[in-house]
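Presented sequentially are two complexes of subunit A, the first with subunit B as partner and the second with subunit C.
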Partner chain A sequence: MTSVRVIGPEDDPPDGMRRARRRGRDDHPFWWLLPVALLLAIFYLYPVLEVVRISFTDATLLNSTYAYTLDSYRSVLADSALPRIWMATVIFVAGSVIGQTALGLLIALTLQAGFRRRLPGVRTVQVIVLATWIIPGVASAITWQLLLSEASYGFFNAMLRQVSLSPVAWLSDSRLAIWSATLANIWRGTALSMILLYAGLQTISPTLYEAAAVDGATAFQAFRYITLPRLGPALLVNIVIVSIFSLNTFELVMPLTGGGPGRSTEVLALAAYNAVFHDFNLAQGSVLAVLMLLINLGLTIVYWLASRGLR
Partner chain B sequence: MQLKPGLRLFAILLGACLQSPHIAHAEDLVAPDRIGRIDAPKSFSFRVLTVHSNNNAQPKFAAEMAALYEKYAHLHPDWQVSIQLMSLQIPQEHARLLEQARSGTAPDCSALDSFEVPLFIRAGVLKPIDQYFSREEIDDLFPFIRPIISDAAGHIYAWWWTTDLRLLYRNTALVPDPPRTWQETKQAALAARRAADSDLEGLLFNGGRNETTTVDFLPQFWAQGGKLVDENGAAVFGQEPNRTYLLNAIAFYRDLIVSGASPARVASISNYDDLTAATIAGSAAMMVNGDWAMSQMQAAMKPEDFAKWAVSMLPGPTAEQRSTSSGGWTFVSFSKDPEKVKACMDLVREVYMGPATEVLRRLPTRQSEFDSPLYRSNFYLQIKQYLKLGQARPGLPIYTEISNRLQIAISEALSGTRTPEAAVDEAVDQVAKAAARYQ
Partner chain C sequence: MSSRTRWKEGIPLYLALTVILSFFALPLLWLLSLSVRTPAEILIAEVRIVPHSPTLQNFVEVLRNQQFLGYLWNGAKLSIIGAAVACAAAAPASYAFSRLQFRGKTQLLFAVLGFQMISPLVIMVPLYRYMQALRLTESHLGAALVYAAVAAPIATWTLKAGFDAIPREIEEAAMMDGCSRSQAFLRIVLPIGLPGLASTFILTTMLGWSQFIVPFILLSQPGMLPISVGIFNFLGAYTGSATQLVAAASVLSLLPAVVIFLILQNFVVGALTAGALKE
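Up next, the complex of A and B:
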C-alpha cells in the first residue's frame, strides 16, 4: 500500500516552493500568451497605432516636421473624388462577395456530389480551383491583362471576333473597367469561398438528405430547405472574410488598371497607396487607411459573432 | 594517418569554407549582387535599375555591363560594391528612397529618375557633387539638363548620365511621309487604316494613369508655348493661355479617338512595352515611343519588317510648333562619407559616363559623346537634332503633383468620364490644394 505524506508549509523546502510557483505560472495562460502578445503588439498593434497617430497630423514625405491637426480628415472627407472612390470600392467588394460566394457554393456543391458518387477527376478539379488562389495577385493581374487586353492579342476579344461579335472595351471603358477588375478578383477568390463552403457542407448530416429523399423532396427542395439554412453561418463567415479580403485588395487592381481610366477603378486601398507614393501625403494616406481599418473592424465583429453562431 | 570517413568529410568542408573567399575573388570579380573582390577592405552600396546593370534581362547587355564592372573592379581593388536592384515601380521606389535618406539608411550610391531629382534636392538629402566633374564636362551637358540637377546657386547634386526622347514611329509602308501637324497625323492614321485591314490601329500612345502619359502628352502642350509653372515655381497651367493650350492638346488626343485614328484603348495604356508589342505584332501604323524602342524592335522583328520603320519629330499644332520631351536617369550619393561619395562618382564616371550608354544603346547627355562611331548612324544623327528641341519636365517638386493630376485629367477626358474642361479644372483645383505641402 502506498502511503501518502501530507507536506505542510513548515517542512516545505525552498526548492519545492520554487517548483510550486513555477507550476502556478505554467497553469496560468498569461505567461504562455505573453510572447505572442508581445510579438503582436510590436509587429501589428504598434504600426496600426502609428497609422492612426499619423492620420491626425499633416505629415508628408517631403518634410520631416509635422503638426497635429484634423485637417487631413477634413481634406479627405471633403475631397470631390471620395464619392467615386467609395462607389468603385462598393462595386468591387459587393461584386466580389456575390460572385465568389455564388461560384464557390456552386463548385463546393459539385465537388460534394462528385465525391459522394466517387466520380473520377473530382480531386483534380479541386486542385485546379485551388491553384487560382495560390497564384499571387500581381501574377493574376498580368494574366487578366492579357485576357482582357483590347489589342489584337487580347484573349476575350479574340474569342468574340471568332463568333463575329464586336470587341469589348474591357479596360478602357470607365463604366466597364471596374467590373472587369471585379471579374478578375472573383476568379482569384472563388477558391477561398469554395474551401469555406465545402467545409460548411461537411457539417450537414447526410441523414437529413436521406430523410428528405424518403419524403420525396426534389434536389432543389433539399437545397432550399436543408442545405441553405444549415449553411447559413458558414455563408456569413465567407461573406465577411471575402469582404475583408476584397476591401484590402490592391495588388490586383494596381497592375491591371492603375486605378484608371480616370479614377473609375481607384478603390480605397489603391487611393491610400496613391496618396502616399504618388502624392507623398502620409497623413491623407493614413486617413484612408484608418477608414479601411474601421470598416474591417466592423466586419471582424460580424465575423466573430458569426463564428460564435457556428460553434 | 588515416582519417575516419566522417572526419574526412568534415576536413574537406572546412577546407572549402576557408578557401571559398579566395576562389570567389580569384575567379569572379563581378556577381549579380557584387562588383569587386569579396574580401575588399572597403565597400559601398549601389542601387541601380535592373536594366542598367549586369542583371539586364538581355544576355548581351548583361555580359557587356559585367565587363564594364570588371574593369572598374580591377582599377579599384580596395572597393567592393554591393548591388541593390531597383524595380520599375518608380513612385514607390523613390518614396522609399526619400524615407531611407531621411533616416540615414539610403544606399551610398543610387540611381534616381531625373524628374525626381529636384524633390530630393529640396528635401535636403543630397550634397553638391561639383568637385567630381570638370567645368568642361558640366558645360558639355545638353541645355535642358543643368536646371534639373542644380540648385539656385548652380551647384549640381546628381550626374544625369543618360537621356531619352519621345519620337513618332511610323511604318513607312503605310505612312510614307512623316506627319508634321496634328491634322496630318490624324489623316495619316486614318489613311493607313483604310489601306490596311480593319484590325490595324492608326496611332498608339500612352493615355492611362502613369507618368508615361504625361511625358507623351506634354510636348503637345509645350509646342504651343504652354507653361506648367512660372519663374517662381508656382503652378500656372490652369491660367490663360496655358489652360487653353492644355485643352487644345487634350482635344487633339480626343479627336484621334473619336475619328478612329487611335483606338479607345489608349485610355488604358500606361507603358511603352504595350506600344512596342503592338508594333512588333504589326497591328499599329504609328506610335509615340522612346528612342530605346528602336533597338527592341530591331531585336524582335524580321530585318525586312524592321526596315519599314522610321522615326520623326512629334507632330505639333502647326509644322513650326514642335516639341518633344526628354527624361532619363541620374546617379546620386546619399553617403556622408567623402571617401564613399568619391568611390560612387568614380563608378559613375568610369562605367556610366559614356561606356554604359554605348553598351546599353542609350542616349548620352553630353554633346561630345555623340562623336562616338555608334552615334554616327542616321537614326542617332536625327536624334541629336531633336534633342535640341527636347524639353525636360520642370525641375520643381510640385511637378510630381501636377503630373499625377494631369494623368487623371487626360485619362478621364479620353475615356469620356468627364468633359476636358471639368477634368482640367479639377486638376488645377487639386494642385492648388496640394501646393502648400511643397512650400
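Up next, the complex of A and C:
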C-alpha cells in the first residue's frame, strides 16, 4: 500500500485541478503529525539521545568543558553505594508489584461479585480506590508521612498505642523505611491493577463458571482452574506496567523519605536525581538515567509482546 | 434464590469491601481530620477521626498566605497552558491517526504511547542543560512546554478515540462540496468533537496539576513554583511546627484533581489505561 492516496488529474474535471492538488497535499499525514512530532522530538527524543551521549562523558554541572570517556560507567558500576541502590529499588518495585497485584485482584474479584449481586455501596468503594490513584503524588506522600509519623499526629503509632503496643519507627528505621515507602506506593497504585485485572475478569465467559458449578467445583477450584489461567495475559500486562510505573516513581519517595534515613530508601530514580543536583555530576546522573531507560525499554518490549499475545 | 440466602452470601463480600474501604479511605480521612484540628489537638496522640473542636481556621490561614495563593495560581497557569499546547499539537495528529491511511500508522501510534514509559526523570539532565542554554529555566513558558510534551501522548490517544466516534460521512459530504480536508477538520470535525476535546483538555490539566518532577527541576524561585512543589516546600517549613497547616494545604492541593475525577470518572480511567486495555 502506498502511503498517500494521490488524486490524479483524471479524477477531476480540468477546472477542479487546483482544488484537487490542494486536497492531495492536505491528505498527506506529514503536516498533520508535524506539531506533535516536533513537541515530542524537542522535549523527549532529543533529550533521550543527549542523556545517552552525556553518559559517555565526564561532564559536571560545575565545568562547561568535558571529554568523552567510559569512566562514568566504571565509577557508577564500581560505586559501593550501587548494591544498596539496587536493593532499595528491587524491594520497592517487587514489593509494589506483588502488593498491588494481589490487592488489585482481590478488589477486582470483590467488585465483580458485588456488582453481579447488585450490592449497594460497591460503586462507592470503587470510586474511593480510584481516587487514591488520581490525587497528586506529593499529596499522597504527605498523607503517608502524616500517617507514619512518630510524632503525636502519626496515625499508625496512635493505633499501636491504643492496643498497648510500642510505637514503630516507620520512617526513621533504615531497614523499615523502604517497606513503609513501598506500602505507600501500593496504596497509591493499586487502583491501576484493579482496573486492568477487572477488565481481564470481564473477558472470562460466565458459562465456564456455570459448567464448573454443574460439575460441583468449589469456588476455590473455579478460581484456581478457570480464573487464574484465563487471567494470565492481563496479569502479565499489569505486572509490566506496575513495574515501569514503580521504577519511575520519584514524587512519592522524595517527599516521603528524601532517600533517607541515611541512603536506605534511595531508589534508582532518586539516585539519578541526587547524582546531578546533589553531587553536580551530570555524567553519573546520566549513567543512572540510562540504566533506568534500559530497564524501561526492556519492560516495554515485554509489554508489547504480551499485549500482542492478548490480541 | 431467596432474599435470605442472598443476604447471607453478601456477608463475606461486605467484609472484604470493609477491609478494602478502610485501607484506602482511612489515610485520606486522617489527612482531612488533621486539617480541621486546632494546633493543640495536633499534639494529642489518639485515634480520633472527628476532632473535639473541628475548625476551618487552618484553611483560612493557608488561603491568606500570599505565597500559597501564588503556588495555586502558578499551578493553574502551568497546567492550563501545558494542556492547551498539548491539545493543540495533538489534535491534528489524532485526526490523521483516525482518518488517514498511511504506512506505519499503528507502529507510530504505539511509538507515541511509548513516550509515556519514559519518566521525565530520565531526560532531566539534558533538559535542564539546554533549557538553561535557551534561558528557559526559571521560566513558566519553558516549563509549560515540557508539561505539554509530557501530556501529548495521552492527549493524542484520547483525542483519536473522540474523532473515531464521529461518523466520516459528515466531513466526506463537506469535502464533496469542495471543502479541503483541513477546512473540514477545522469547521466540521473540531466543532462536533468539542466535548471530547474539552474532556481531554481537562484531563491533561489535571495531570499537569499533579506534575512534580518537571517544575522541581526547572523552577526554583519561590514565586515561580506550582502547587505540587509548593506543598513540598510547605512540608519542609511547617511539619512539626504547624502540621495542621500542612494537612490543610495538602487537602487544597488534591481537591481540584478529585473534583475533576468525580465529574469525568469513566473518561479519566479510559484515557489513563489507553493502550493497556485496547483489544
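The rule is simple: the second predicted complex is superposed on the first by the 268 of 311 C-alpha atoms of A that agree within 3 Å, B and C clash if a C-alpha of one lies under 4 Å from a C-alpha of the other, contacts with A are read in each partner's own complex, and residues count from 1 in each chain.
Criterion: a contact is a pair of C-beta atoms (placed from the backbone, for glycine too) under 8 Å apart; a residue touches a chain by one contact, two chains touch by 3 or more.
Predicted model, so just to flag it, every value in this text is computed and none were measured.
*Asks:* Just to be sure I read the superposition right, which of the two partners does A:276 touch: subunit B = first, subunit C = second, or both, or neither?
*Replies:* After superposition on chain A, A:276 lies in contact with both partners, subunit B and subunit C.
*Asks:* Quick check for you: in the superposed arrangement, does A:112 touch first (subunit B), second (subunit C), both or neither?
*Replies:* Touch partners of A:112: none, neither subunit B nor subunit C.
*Asks:* With both structures fitted on chain A, tell me whether subunit B or subunit C touches more of subunit A's residues.
*Replies:* For subunit A, the partner with the higher number of touched residues is C.
*Asks:* Taking the superposition as given, does A:32 touch the first partner, subunit B, the second, subunit C, both, or neither?
*Replies:* The answer is second: A:32 touches subunit C but not subunit B.
*Asks:* Check whether A:177 is in contact with subunit B, with subunit C, with both or with neither, and answer first, second, both or neither.
*Replies:* So A:177 only meets subunit B here.
*Asks:* May I ask you to decide whether A:151 touches subunit B, subunit C, both, or neither, giving the answer as first, second, both or neither?
*Replies:* Both: A:151 reaches subunit B and subunit C.
*Asks:* Thinking of the overlay built on chain A, is A:69 touched by subunit B (first), by subunit C (second), by both, or by neither?
*Replies:* Touch partners of A:69: none, neither subunit B nor subunit C.
*Asks:* Contact-wise, after the overlay, does A:257 reach subunit B, subunit C, both or neither (first, second, both, neither)?
*Replies:* After superposing on A, A:257 lies in contact with subunit B but is clear of subunit C.
*Asks:* So, A:300: does it touch subunit B (first), subunit C (second), both, or neither?
*Replies:* second
*Asks:* Touching subunit B in one complex and subunit C in the other: list those residues of subunit A.
*Replies:* Comparing the two interfaces on subunit A, one with subunit B and one with subunit C, the shared residues are 151-153, 276-277.
*Asks:* What part of subunit A is in contact with subunit C in the complex they form?
*Replies:* Residues of subunit A touching subunit C: 1-5, 19, 22-23, 26-27, 29, 31-40, 42-44, 46-48, 50-51, 54, 103, 106-107, 110, 113-114, 117, 119, 121-122, 125, 127-132, 134-139, 142-147, 149, 151-155, 157-159, 161-162, 187, 190, 192, 195-196, 199, 237, 241, 244, 247-248, 250-251, 254-255, 269, 272-273, 276-277, 282, 285-286, 289, 292-293, 296-297, 299-300, 304, 307, 310-311.
*Asks:* Residue numbers of subunit A touching subunit B in their complex, please.
*Replies:* Contacts found on subunit A: 60-64, 75, 80, 150-153, 169, 171-174, 177, 257-264, 274, 276-281.
*Asks:* Over in the complex, which subunit C residues touch subunit A? Could you list them?
*Replies:* Per the touch definition, subunit C meets subunit A at residues 6, 9-10, 13-14, 16-17, 20-21, 23-28, 30-31, 34, 42-47, 85-86, 88-90, 92-93, 95-96, 100-103, 105, 108, 110, 112, 114-115, 117-119, 121-130, 145-146, 148-150, 152-153, 156, 175, 178, 180-182, 206, 209-210, 212-213, 216-217, 227-229, 231-232, 235, 239-240, 243, 246-247, 250, 253-254, 257-258, 261-262, 265, 268-269, 272-273, 275-277, 279.
*Asks:* Would you pull the subunit B residues touching subunit A in the complex into a rising list?
*Replies:* Subunit B reaches subunit A through residues 91-92, 95, 98-99, 102, 119, 122-123, 199, 201, 208-210, 263-268, 270, 274, 277-278, 281, 283, 397, 400-401, 404, 407-408, 411-412, 414-418, 423, 426, 433-434, 437-438.
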